[in-house]
Structures are given as C-alpha cells and as structure tokens.
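Residue numbering begins at 1 within each chain, and the chains themselves are lettered A, B, C and D in the order written.
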Amino acid sequence: MIEFCLVGGGFIGPLHAANIAAHPSARLAWVVDLDLAAAEKLAGKHGARATASLDAALADPAVGVVMICTPPRTHTAIIERAARAGKAVFCEKPVDLDLGRVDACAKVLEATRTPFFVAFNRRFDPSHRALFDAIRAGDIGRPEMLVLSSRDPEISPPDYVAAMPYGIFYDTMIHDFDMVRWLLADEPVEITARTACMLDTTENPHRDPDTAMVMLTMASGALVHVNSSFRAVYGYDQRIEAFGAKGMLISHNHQPTLLERYDAAGIRRDPLLRFFVERYAESYARELDDFVRAIGAQRPPTIGLDDGRRALRIAEAAAASAKSGKSVALG
Amino acid sequence: MIEFCLVGGGFIGPLHAANIAAHPSARLAWVVDLDLAAAEKLAGKHGARATASLDAALADPAVGVVMICTPPRTHTAIIERAARAGKAVFCEKPVDLDLGRVDACAKVLEATRTPFFVAFNRRFDPSHRALFDAIRAGDIGRPEMLVLSSRDPEISPPDYVAAMPYGIFYDTMIHDFDMVRWLLADEPVEITARTACMLDTTENPHRDPDTAMVMLTMASGALVHVNSSFRAVYGYDQRIEAFGAKGMLISHNHQPTLLERYDAAGIRRDPLLRFFVERYAESYARELDDFVRAIGAQRPPTIGLDDGRRALRIAEAAAASAKSGKSVALG
Amino acid sequence: MIEFCLVGGGFIGPLHAANIAAHPSARLAWVVDLDLAAAEKLAGKHGARATASLDAALADPAVGVVMICTPPRTHTAIIERAARAGKAVFCEKPVDLDLGRVDACAKVLEATRTPFFVAFNRRFDPSHRALFDAIRAGDIGRPEMLVLSSRDPEISPPDYVAAMPYGIFYDTMIHDFDMVRWLLADEPVEITARTACMLDTTENPHRDPDTAMVMLTMASGALVHVNSSFRAVYGYDQRIEAFGAKGMLISHNHQPTLLERYDAAGIRRDPLLRFFVERYAESYARELDDFVRAIGAQRPPTIGLDDGRRALRIAEAAAASAKSGKSVALG
Amino acid sequence: MIEFCLVGGGFIGPLHAANIAAHPSARLAWVVDLDLAAAEKLAGKHGARATASLDAALADPAVGVVMICTPPRTHTAIIERAARAGKAVFCEKPVDLDLGRVDACAKVLEATRTPFFVAFNRRFDPSHRALFDAIRAGDIGRPEMLVLSSRDPEISPPDYVAAMPYGIFYDTMIHDFDMVRWLLADEPVEITARTACMLDTTENPHRDPDTAMVMLTMASGALVHVNSSFRAVYGYDQRIEAFGAKGMLISHNHQPTLLERYDAAGIRRDPLLRFFVERYAESYARELDDFVRAIGAQRPPTIGLDDGRRALRIAEAAAASAKSGKSVALG
C-alpha cells in the first residue's frame, strides 16, 4: 500500500483524492492546504489527516508519495522539499513557469534520486493511446502532419489568468506540446504562434490571449498544427489527427450519451462532455495506476521532469513567437 | 439510339423523361397521356411528340420501348398492347394489384417474346448494391437476419389511397419485398404482418393502414423484419441491415449535405433527403442505363415479370395476414 | 451504511461485489456460495465473510439486503428465505422461469412487506435512459414503433443452455421485454415469435434457438420488433430505436475507443464493446445506487416483482408462439 | 441558348463539356486544341466543331462564351484574345502564375467590359455552401478560427510539377485561399507557410514541396490554418471547419456509398471519393449554371478576376514565406 500526501485541496485535488481512494494499492494519508478547512473537508471524506503544515506531513514516515496539486508557481519549492524528505513526487503540470527553476529543481531530484512524475494525463486517454499505439505499429507509416484541436469551454477566473500570462500556452497547450512530443517521438525545431483576444472585456478583463494557433516543424520534418480557444460553447473539444504516408488516424471527441434525435429540424446529438474532469476521468485514474505501478516496481515513472521541462520550453517559445511576431528556433 | 414512348406524364414520368434525355443511347420520342395538355408539356421539354392515343404512338415503327408510368391498375392492359405491337416494355412497379391479371399478362409477354423490365429502382442504389455485393462476396457469411426500415415522409393523397387499399404493402413495402428476395437470393415461406392507423382522420380519412411491421421466414431459415410508416417527419428513411455468421452490413440513410453544426444545444445535421425523387435519383438513372444496355445487347432485362409477380404475392400475403391476424404460408 | 449478503459468487457476482465496495453507502458483509472456496475468494477481496450456509448469513442482524446472483431456478426459494428473515432483496433477472413460482413468491413478499428489486440493469444505461426521458418529454410525440437489436457475441456454455430451454427469450430478450414495457409505459396484447438454429452443432449442441425475431402489438396499438442472435462477431450489439409522430430516437452502440483509422482500404473503427460487463458497466453501478437510495429512503425499489413477472410472461408467450407457429394473446 | 467555345480538351475539359451538354441553356459549339485529334474526339461526342485555331472559333459570331481549360501559363493570352473578340470568359483557376500578367489582363477586361468568371468550383459544393450560409446567418457568431484540410491522393505528373514550382500553393491551396476569403468575407494581413518533401524521389523527382501547412491572420483578427498533402492514400480529403463565438461548423468528407461493414476486426466504411472529379461533380455543374444564369441575366459573374488575383497573391506570399522562413505581410 502506497500512502499519499496530497498538497493542494482545491482545483484538481479532490479528483485525484477519489482516484487514490479507489486504487487497490494506494491510500490517501494526508491532505495539506494552507486553508485548513479545505484540507479537513477533503481529508474527512477519505479518512485522511489534514494539516496546513507541509512539514508535519513530510515528517510522517508512512508517506511514500507527495502529490502536488497547488498553483504552478509553488510547484518547484514543494518538489524540492518532498525530495529532500525522501518522498516520491507526483506533480500536476506545468512543473513551473520558469525554466531556470525547473533546471534547479532537476538538480535536487537528481541528487536525491527522487522518483518524479509530471501528470500529463492525456497520454492515458484510451482513444489517444490507441492513436499512439497505431503510429508505433506503423499503421500510417512515417507521420507527416499532426493536427490538434484543444479548446476549453470557458476561460479561467480573472485572478488565475492574471497569475499566468499567456496561460493559453503555459497551461492549456502545454498538454498538446507534450502530446506532440510523445505521439511523434520527436522534438520541434521551430515554432510560430499567433494569438487573439476574442472574448469581450467582461469575460477576459486582462486581455490575455484567449485564442491561439501554433505551427511547429519537427526534427524529422513533420509539420504540426495546434489550435486552442477558451470558449467552445459546445463543450470540451479535444481532437487529434495524425497523417502519414499510409493513412490517417483521428481520435474523436467523446459524448455523454450516444442518443441521436431525429425530427423535422434535423438530426441532433448531445453537446460534447463539459470539461476535462468528465472527458479525461478515465485518464486520471489510469495515470495514477501507471504511477503507482512504477513506484511499486521501483521503476522510474513514465513521464519525468525532462518531459515537463521540454513542454515548458515549447510553451515559452510559443509565447515569445506570439509576442514578437517571429518564428522561434528550438532544438 | 433506342426510342422511348413514355405513357403517363404525371407522377414519376417527368423524372424518367429527364433520364432518357440525358442517356447517350436513348431518346424520348413520344409522351402519351389522356390529359393531352400534360403530354404536350412534358413532350415539349424534350423535343418529343405528344398524343392522347397510345395506338398512335405504338404505330410509330421507330419506337422500340414503351415505358409505363400510369397508375398500377392500368399497367397490364398497356403492357399487352405494347407487347402485341412488338415493343419492349419498361414498367413501373407494381406490375398490377391482381395476381390473375399478372399471370394473364405473363402469357402475352411469353407468346410475343417481349423484353420486359419492372422498375424496382432500389436495386440500383449504390449503397444498397454495395450491400448486395458484400453478401455475394461472402463478407458476412450465411445471412441470418435482415432488417429493413422503409418510411415515407407523408401519406399519398386520399384518392390515391382509396384506389389502392393496403397500399403500405402493395405500393411501398413491395419495394422491400423485392429487396429481400434480391439481397438474400431466397424466397419467403411464411409472413406475418401487423398494421396500425396512427395518422389522424384529416391526414388519413380512409383509415387505410399507415404504419406496418412484417416478419418473414425465408426458405433458408433466415428471418426478416420490415417496418414502414407514412410520416417520418425527419425525411425519407431508407435503411437496410443484413446480419450473418461473420458480421453485419448496414446501408445508411443519405443526407443533402455533410455539414455538422455544433452549438450549446448540441450537434446537428440536416434532416434526411426529402423523398424518393431525391434519395434515389442515382438509382433511377442507373436502372434506365441497365435496361438500355440489356435492350441494346438483346439480353433479357435484369428484373423480369416474375420478379414483379413474386413481390406482389408477398404484398398480397402481407395484406391477408394483417386482415386475418394469422400468419400466411408462401412458397 | 447498508450491509449486503451476496448469494452466488460466480457469473455476475464479482461485478456486483465491486460496485457494492465502491458505493459510499453500501458494504459487502457476506458472500454465500455452496462452493465455499469461491465464496472465500470473493469475500477475501472485499473484507467480507464467506459461508456455504445461507442461514448463517441471514442470521446476521447487520445484513440489510440479500443480493441474489445464483442461477434463475434457485431465485424464488432464496427470495422467500430472505424475505422471511426480514431482509430486503436485490435479485438478478429473471425472477424465475415459472410463473406459478413467481406468483407464490409474490405472496410471501407481500405478507412480509419485503422491499424487492429485480435487476433490469439496462434501464440505468445513460443512453437508453436519455431515450426514455426524450419519449417522456414528448420529443417524438406518441410512440408508434419500437425496434430493438439485442445480440450477444456468443452462446452460453452447453450446460447453461440445457438448463434453460428457449433461453433466447427467458434470459436474453427478457431484458428487451422489460425495456419495451418501460420505454412505452404500455403492455403488449399480442406476440408472434420465430426462431432459428444458425450455429453449428459444435457451438449449439442442444439445438436450442440461437436466433430470434419477435413482433409485439401494444395496448396503444404501437408495433414493436425485437431481434436477437448469439453470435454477433463484431461485439455486443445493443440498439434501441423509437419512432413516433414527431420524430425518431436511436440509442447507438458504444465502442472502446473513438479512434478512426483511414487507409487505402477504407475507414475503420474498433469492434463494439465485447459484452454486457463492458457495455453496461455504468448501468450496474447506477442500478445499485438507485436501489441503495430507495432502501435508504424507505421507498419501494423502482423495479419490482410485478415487473419481473410481466417480462417473464412475455418471454413465456414468445416461447409458446415460436413452438406453435401461432400468435399468442397477452393481456 | 448560350454557345460555348471550349479551349483545351484535356484535363478538366471533358468534364466541363459534359456539363455544358447537360445544361438546358448552354450548347458546346467549338472545341479548340492544338492537338486537333483531341479536339475532334471531344467535339464529336457532343456534336460540336473542332479546330486547332482559336481565331477560327472566335470568328464564329454565335459563340458567346470562351471557356479556358488550358494550362495556367496560357490563360491570360487566351483571355485577352477572347475579350477582344467580344466573348464572355469562363476561366479555370489559377488565372495565371504571375501577378503582373493578371494586372495587365484586368485592364483588357475592363476596357472591353468583358464578363469574366474564374472557376473556383468549391464555392458551389452543397456542403461548403451550407457552411457559408450558416456563417452568414450568424449561426456561429463572429468567426474566430478556420481550419481547412485539403489533401490530394497523388502528386501531379513530373512535367506538370516542373512547369509550376510550389504548385502546392499555386495550384492546390489556391482553392483554399479563395475559400478563406469567401467564407470569412475578409482578407488576410499576414501569412506564414512551411513545406516538406515527404514523397520519395521516384514519385517527386523535382523535390517540389508535396506537404504544406499555412497559418493566416485575417484583418478581423481571425486565425486560419490550411494543410495540404499530395498523398492521402485514403482518398481526396476535403474538410472545412469554422469556429466562432457561438459554435462550430464542419463540412465533412463525402464517400462513394454509405455502407458500413461490421466484422470481428471492427467497423469499416469505404475510402473517400477518389479525387476532385468525383468529389466536386455537383460543384462543377452548379458553377456552370451560376455562370450561365449570370450571362443570361447580364449580371457580372459571381467570381471575378479580382478574386483570382487575390487568391494568387496569397499563393505567392505563401511560396515566399516557405522559401524565406519568414512571415509575409499582405494587405
């Protein structure tokens, strides 16, 4: 049984807590949150202990894993403290918004030989993984183009947006940048990004980009397109299309039901699943299982700090390209 | 060049006339209609001659084919006159509503060695034919079940309904009965039919069945279901599903465009194509071409009087079963 | 917390046990199986106690619910013992294969005022329920036709088949008969059934029907078709189509992934989900939750013995019709 | 009746000739081709006259329209000769590969007040036009992103490729550039293009780009992506997706049949329609009709020289961007 200390009870924390509770080899031991009431509420639901002090939880020798669900800017400090306390780390993406801090963090992880996992959950979605497997099996031959649509139903709250300028790259497309690297087993050498503010001032008061397109050239020569928006009114739009010498693969959107309604006005289906919690429910459970198995088998987790670092570099280059209007070399 | 005398300028006549005009080896020479104005209107459009006298047209030695588009009860008399005048015959379905008259007609056709074609157009639809080809190729192994949905968007006008009681079998499902025989290359041995009047008295004043289900057992043991309605508000619903030892085939509905619309209310496509003229446009052109090629090559047309007779027998048995509430043997 | 005594550790038992374990208000207390090793294996997985003696488990006053997952012929005896012991009952379908025993059982349940639930899980499938809701909301107006396809990927083992002749009606279509009653909120007045043995002697040595079609007329006049097979090689085929005055609803098949593969041979998707365990995973969890909520709120469970009895009567009439070749009145 | 002189009997010429023949208000009078045998073959099929001399045909006062189906580099000279002879002009795209020559041509057309039409056939596809209509109707609110996939099944023959470097922009994507302008009723202000040679040396001996991605920023701020390839092995891939404040529209690919095949390996449909002749058959007929109606009504044709010029400018900018690796301003 692997005991978890979950840091950060808001956002995605409760979802991870429920998956830990449901996993046969994992147990939620601690919930750490500066807001002690929030920690207690989540801990109480799962028979865990609550604290506002990370040190208190790290002092518990039963804790094997620190799972980090706090805002991005706090990640590296917590990672380092957990690493120095001898705990394995499961960290939400992005690792950090600053490459220098990620690099410093890497040294600590290396020195402490800490098993580390960055939670790019989409790699564990069954449809996306079937696409990955098909590419690996050579079903489409050499991949030549990749097209990703990655659209949220709404923009984050203003303070969240304010804390992370160009979040459309750092927070949203960073998932896609990881998917690109993972699916193609290749690295980008150049990126061009363009953005727009399409939402009105009420919804997007900070005028941070809410709409974006990116074009990447990979080392292999493959071309990649990613588009993103913060107002897909029809639901969470998550599609991946891989084109190659022998064919094409499409991982389509999921829907809440498979009911089709025919009437005089036409044929209708439900809107797409609302957002990531519904759409990637299975991915979150599978990524936890993948991590738990790696820890149990003393294997390195399957997505490491370097993956987090590389996705961040692409996000950074995207933001730089959008700001300068120039293409940015990577490599 | 094969010259056609088209008898019956209403209903389906203009559609056939246009296909004759567009066919490289066919020419519309005459339009015959008791309503001379109607004949003249259609003939004028295609450079043909108009007459109210069938004899006048039959006397033209250039005419090779008589195409019959009049109401069903007039078919056999016209067939026999055309046959005796030495013309080939292309006849709309059903051949007649009375088996005795069909049998009498058969004798005339045989005595005169007249090439005869009954226009079961659905055999020429590309999707249905691909299903037929797949069964023949053994793709689903031995066929075990066949399910046909055959629904019209509206009921025929009251006088048309009055002229053909149980038209849901004699006029509509007769197409499906032909499809069953053709697709399975098999004959039914038993039929059970049930009907309902679901339309209100305004739409269906004669209370002739507007809704029906039929179950057939084939000589091979295969089971068949057909359902029909006269008010598919979402368009002309035409689906065929064949199930067998190695799989299933579905010939799906067609739509006017392939536009998909996503909004907060869901995902929408157009209603289905309106009715048979739109849905089977290609079938009508292909059946004419098939017929013209057979005549040109002096081969017997691919769908003969016996096919028309057998479909009629099934329709008759369906009506008998619906009236008596008993299953009816065929064979 | 509601404590369950699960009777019958094979077949569907482990699936229900896992759902009980995952439910916040339910706990698996006992597993009863004549095969004590089987009981111990399942009980051990969930921290429950194992026994070969039903009486031992019924004697535990903490047990609130007896869940019956044994073969159908044993159901009524266990129901009655549980009822007399003052336990609520959750029983797998069919309640029994004999109407007389169901009626006797009904008296015991009434006398003991036992909360009883028969597990027609399909009522809880999100897509089927959305179809149900749409009918209730009047989306298709008055329902006129219902078409159900209900095909298993394989036949049951020979001894299971031998124990339940005409199992295609008593064990498989009984689900559909319940769906028909539930979806239409109506009862059948007549049924006609036809069957075939399409599997070869190796697969179906008892020559019990493995293929069937049924036609029902409802009290409202609505017409219903159900078809079933025991060898859908492409997976578990579960479709429902409701046609009415204002439109049509289709609850489509589910698939393991939404990956679409394009190559020179065409466009491919995965086969359907394998069988009921995968297809109805969510239904099983939801039916348990529905039952637990009813017990918790001291409401009668939503599917009672009368529902089980009525579905059984339809199955019995279907078998009688298939044997006699006649239509059978119900009502 | 409008009489056509078709110049260029190869490539797309026969398709246009058949559409002229089928059109009720058009007649093919002349076929002009330097290869007189080719001209005679095509003319013979439609009862037209053949010549190798454009002047001979232009001298025929009955000719109202010159339809130009020759290679692009010959277009402007023929346009000018036709204009000076007082004929209306229907010209295949691209108008020319050189902007200077297009501008010179514009002056001649203006001076002679010649009705001119450039054949961007995709504007007349029913699905694309339904998408256009939906945008105009405000169904998706303000358009924010447009994504076009435009992939051919094969590369053109080597000599055709050699005659038009960067043909992926000048010959293929020029259609998409026109669609972008038409659908958004907006002009691009910037373009970035990247290309690759993915085909091997046998298929693409001139190493001209066979794979490309383009990103456009429109004056409105909307972002546009176009991707293209010369080896879509699954057929002619033609999709358009428009995303806006209120929803999304997708114009999907078309298929030769709507047959779906289920077997143990999965669910299969046909590959897409082979190429533009099949996919856009209806568009070609509709664009001719649109042109004929404009001429008949003495209205200017709906797609003029300026449309051809603007699409060419975008193609030119795309090639410049791909060559330089920089973004190129337009507008």
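The working rule: a contact is a pair of C-beta atoms (placed from the backbone, for glycine too) under 8 Å apart; a residue touches a chain by one contact, two chains touch by 3 or more.
The shown structure was predicted, so the numbers you read here are calculated from the model rather than taken from an experiment.
**Student:** From subunit A, which chain is the farthest off, judged by mean CA positions?
**Tutor:** B
**Student:** More C-beta pairs touching across which pair, B-C or C-D?
**Tutor:** B-C
**Student:** Could you work out how far the Cα centre of subunit C sits from that of subunit D, in whole Å?
**Tutor:** From the centre of subunit C to the centre of subunit D is 58 Å.
**Student:** With centres defined as the mean C-alpha position, give me the subunit B-subunit C separation in Å.
**Tutor:** Centres of subunit B and subunit C (C-alpha means) sit 42 Å apart.
**Student:** Enumerate the residues of subunit C that touch no fewer than two other chains.
**Tutor:** Within subunit C, residues 233-234, 246-248, 262-264, 270 contact more than one other chain.
**Student:** Quick one: label the inter-chain contact graph as line, ring, star, complete or other.
**Tutor:** Shape = complete; every chain linked to every other.
**Student:** Along subunit C, where are the residues that touch subunit D in the complex?
**Tutor:** Counting only subunit C, the residues touching subunit D are 233-234, 262-272.
**Student:** For the complex, give me every residue of subunit C touching subunit B.
**Tutor:** Going by the criterion above, the answer is residues 142, 144-145, 147, 149, 151, 190, 192, 194, 196, 198, 211-213, 215, 217, 221-225, 227, 229, 231-234, 237, 243, 245-248, 325-327.
**Student:** In the complex of these two chains, what residues of subunit A are touching subunit C?
**Tutor:** 22, 126-127, 130-131, 134, 139-140, 246-254, 256-264, 270
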